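Both complexes shown next keep chain A, but they swap its partner, so chain B is in the first and chain C is in the second.
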Partner chain A sequence: MKKIEKEKLLKHLEGKGDLVRLDEARQDPLSATKSSHLPREELLLLFRLNGDKGVEIRVPEGKGGKILFGVPPCEARAVDLLDLTFLKDRIDPYYERKRRENVLFVLACNKPRSTCFCTSFGYGPFSGKYGDVFMVDIGDNLLVDPVTEKGSKALEGLELEEATPSDLEKMESLKRSAEGAITTVNIEGISEKLKKMFLDEIWADLAFKCVNCGACTYVCPTCYCFDIQDVERTNWGYRERVWDSCMFPIYSLETSGHNPRPTGVERMRNRIMHKFSYYPELYGEYGCVGCGRCIRACPVNFDIREALETLKEVEVAA
Partner chain B sequence: MFEKLRETARELLSKGEVECVLGFAEGTLPMFYTPYLARKPEEAEKLVYGPFAAPNIATYLRKLKGKKAAVIVRGCESRTINLLISEKQLNRDDVKIIGVPCVGALDRKRILKDYGGEIREARIEGEKVIVKGDNGEKAYVLEEYISPSCRSCLYPEAIDPDIKIEGPSRDGEKADFSDIERIEKMSPAEKWEFFEKELSKCIRCYACREICPMCYCDSCFVDSNRPVWVEPGFDYSDILSFHLIKMYHMAGRCVDCGACERACPLGIRLSFLTRKLTKDMKEAYNFVSGLSPEEKPALGVFSPDDREDFIL
Partner chain C sequence: MRGNPYIPYPALLKRSYFESDDFSLKTFEFELLDGNRIDYIPGQFCEISVFGKGEAPFGIASSPTEGHILKFTVNKAGLVTTALHEAEEGSILGIRGPLGNGYPVEKFRGKNVLIVGGGFAFTTLRSLLVYLLNSRSDYEEITVIYGARTPGLLLYREELFEWEKRDDLKVILTVDREFPGWEKQVGFVPQVLERTAPSSKDCYAVVCGPPIMIKFTLPVLEKLGFKPEMVYTSLEKRMKCGIGKCGRCNIGPKYICKDGPVFSLAQLAELPEDY
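And then the complex of A and B:
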């Protein structure tokens, strides 16, 4: 690993793109990492009725990329999960551009929060394999390690010092204390078990206190559901994509009036199933990174860790 | 300290007088009680009440339709029940009302903000909230961190409960609307700027709507897409429309419990709106919502003596 003073690195990044300081915004309820790839409102195209020429359509050009400085490892991992939806089977050009242009400077978490449970997913607050550059704040300096080619390029032209053994030792001790502060939820086998639990009665109990708002899914860095709407004005309009949530009643409402998820019970089941059963089934990865944002945002203290523990306890017929 | 309540709940459940007791239990986060339904006598042991309970528990009554339930309520929650009965959403005979004392609900987010670091434990000791976390132990005076709505509460204790748990409550005599008076004195331009600053943070997650016990419509105007009343994006005019129309629907129906404000993940001060409603209803019609189940909805009745001077 190399090292550099934080101020020097920030100075170097100036003018290379919109600098978003996540290192100073860790307490923000919304994940800027997600919003920088999947904004809550995104213009897809503009249309206009132009006399005899008929309808003109214009696709707006994207703005330049962002430098996300201080992304927590969980949120960088969450972007990798978004890739599975937006880049794997079909490419979403709006997402793809931002993904290509944004540079993620990941910062290890020296002080995990009480709601963090990332270690439940086979990685942790010091995992250095996410984003483009991995950084550790060892006090006087940042240890930096490029993860991708994009990351190496972003560091080009900087004079980096070699990290000393004592720097690395400092990192190790920070890592140990951070990892030690996190409570791991043992989720082994949960996805297989959930497959057999679709009709279980536990969902009604689990969903009781949930009021079905959009808070948990909106703050979740891996939730990607969106709605596409045409907004019409007199002779022009636009098509936009806005966040949506499976917790809302109209999310699954069909034109006929039928709703396959008529109550909060089915909606809560979907949220959990999507993250812990459907995602693993489709992609071999959980759709949750254990960031704990949903736990902090929920107005009624629905705690997904507790929900997982409850689900583990349920006995299902083999 | 919760012995009396737990004993009462246990008895109701074991005698089969009710199928369940609705209230709060310890949550997984500090300073946060979570809604809880006790169904077996032994589950009554989990019941708690106090400033850490953020939602308005009456919201959950709509999930208990058709069940014989007991519900543990503070003043505002009991007024909500009266409103729900007067709006034919609830039968008085289906609920047993257990009134608990109330010193106000905590504005949890303000403590989180003032403390700065991660809080890992909290407890109430007398008139203080003692928190422990990454920045060490600190004490906050409860009264200074109580929700703005609770400051002007005239009825902290449940109205006509079936069972009453005694204990110290707020002084319901002194209503404080100074925060609203400050806004009332602003010029229209200042008001506009003030509200825009606050409300433009809104992400339209609708936690404020869902947590509200009086927002029970099966189909809400914001969800309608034929016609579209409020467009789906984040244009300020749409955000404002949502909040203003919600407030129109709340006039005379809002109990100013402050649950919506405490629910907002962005920490938006919604009490500026709900408290203005409360203040105006009192001043214009001498009306306090939910004082009795027989009361007619304020905007559903007409009296020739009604004030008209504020009608444009």
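And then the complex of A and C:
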């Protein structure tokens, strides 16, 4: 690994893109990392009806990439998970452009929170394989390591020093103490088990206190469901996509009045199944990174870690 | 479909007319503008845009063998469909597609085909039937059983009555109860299917209709000896993007818009009952 003073690195990044500082902000209520790839509202197209001449359609142009500085490993991993939906099968061009242009400077997480459980997913607060550049704050300096080609490019022209053995020792010690502060939930076998639990009565218990506010899905860095809406204007109208939530009744309500997920029970089941059964079945990865955001945002103190423990306890017929 | 899958083709509404005598169903015929055309197979669907109101998914009722006009039959039920019903001929709307997998028409070659439809779910079944009839000799016996509440709610009535006359095709039409002037079958689709008892030998069955019809039709098919992998149906759920991104139309890990809407009963047996 190399090292550099943080101020020097920040100065180097000036003017290279819209710089978003996440390193010092302990408040990042809606995951700026997610919204820089999948904004809460995003213009898909503009349209204007011209009488007999038909319809004019315009596709908005991009605004250029962002440099996200200080992304925690969990949220960078979450972007990799979003790729599985947005860059597979049919590529989503809006997402793809941002993914290509944005540069992620990941910062190892020195101070995990009590709600963190990332280590349950086979990685941790010092995993250096996410984003474009991996950084560790060792106090006086940042240790840096490019992860991708894009990351190497972003560091080009910088004078980087070689990290000393004592720097690396510092990193190891920070890593040990960070990892030690994190709860690990043993989720081995949960996706296979969940496949047999669709009709289990446990979902009613799990959903009992949930008020279906959708806060968990809004703050979640891996939740991506969206709605598409038209806005009619006298001149240029537009079509946009906006975040949606599987916890809302209207998400699955059909025009006939039929709703396949009429109560919070079915919706809770789908949210957990999607992350812990369907995503693994489709892509071999859990749709959760253990960031604990949903736990902190929940107004009724629903803790996904407890839910996973409960699900593990349930006995299912083989 | 074009590079950006969210951008609809501008489409001219050439013709629209009521399809049912209660004015709830209208058929729309579109022509894509600017030389665009889409290649589709029966059972696929499109998202129709009424700019300013939104988009909604509809099964394609025309057959690719009929030329470049795209036909849809739409029930007036919500915001987009009401705006669509109000759209004047000559208006420009948007069409995105084709979306979804469609019926496995290649598998039907050299086999018998049974089409069972109910109510206004006959749209993609019309597409399929017209497609099969276009190269009639590629298939063995074709049987159609189609029912609606009243004669006036049967879609494509004039075509149906013409198809009834053909001797290379068996068409059985039914309405739920006696109706003045109706001299064809009376009874629900599952009952008529049981009475007709088509052979399941070398036969694929395609079933579309309201959930209640499907529910009572499937056991009859099973009794007649149809195997789950030989029975296909087309599912619906609330949809937005149509390309497996927006999330909502999943049944377990499958998305109706992208992995369906057509599934065999064997495939459905593997999925949770979440529809």
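Keep in mind that, in the parts below, the second predicted complex is superposed on the first by the 313 of 318 C-alpha atoms of A that agree within 3 Å, B and C clash if a C-alpha of one lies under 4 Å from a C-alpha of the other, contacts with A are read in each partner's own complex, and residues count from 1 in each chain.
Just so we're on the same page, a contact is a pair of C-beta atoms (placed from the backbone, for glycine too) under 8 Å apart; a residue touches a chain by one contact, two chains touch by 3 or more.
Values in this document were obtained by computation on a predicted structure and should not be read as measured data.
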| item | value |
| --- | --- |
| Room on chain A for both chain B and chain C (clash or fit) | fit |
| Which of chain B and chain C A:Leu49 touches, first, second, both or neither | second |
| Which of chain B and chain C A:His274 touches, first, second, both or neither | second |
| First (chain B), second (chain C), both or neither touched by A:Glu188 | neither |
| Chain B versus chain C as contact partner of A:Arg90, first or second or both or neither | second |
| Superposed model, angle subtended at chain A by chain C and chain B (C-alpha, nearest 10 degrees) | 90 |
| First (chain B), second (chain C), both or neither touched by A:Glu5 | neither |
| Touching partner for A:Gln229 - first (chain B), second (chain C), both, neither | both |
| Partner chain(s) touched by A:Ser256 [first = chain B, second = chain C, both, neither] | second |
| Most chain A residues touched (candidates chain B, chain C) | C |
| Superposed arrangement (fit on chain A Cα atoms) - minimum chain B/chain C Cα distance in Å | 5 |
| Contacts on chain A seen with chain B and repeated with chain C across the two complexes | 227, 229, 231 |
| Complex interface listing, chain C residues touching chain A | 3-8, 10, 12, 33, 49, 51-56, 77-78, 81, 90, 92, 94, 211, 236-238, 240-241, 243-248, 250, 252-253, 258, 272-275 |
| Chain C partner contacts - residues on chain A that touch it in the complex | 44-45, 47, 49, 52, 54-55, 57, 59, 85-86, 89-90, 92-94, 198-199, 224-232, 237, 239, 241, 244, 246, 251-256, 258, 260-261, 266, 270, 273-274, 277-278, 281-282 |
| Residue ranges of chain B in contact with chain A within the complex | 27-30, 32-37, 54-55, 59-60, 63, 117-120, 134, 203-207, 209-211, 223, 225, 231-234, 262-267 |
| Interface residues, chain A side, partner chain B - complex | 29-30, 40-41, 111, 113-115, 208-209, 211-215, 218-219, 227, 229, 231, 240, 242-243, 245, 248-250, 295-297, 299-303, 305-306 |
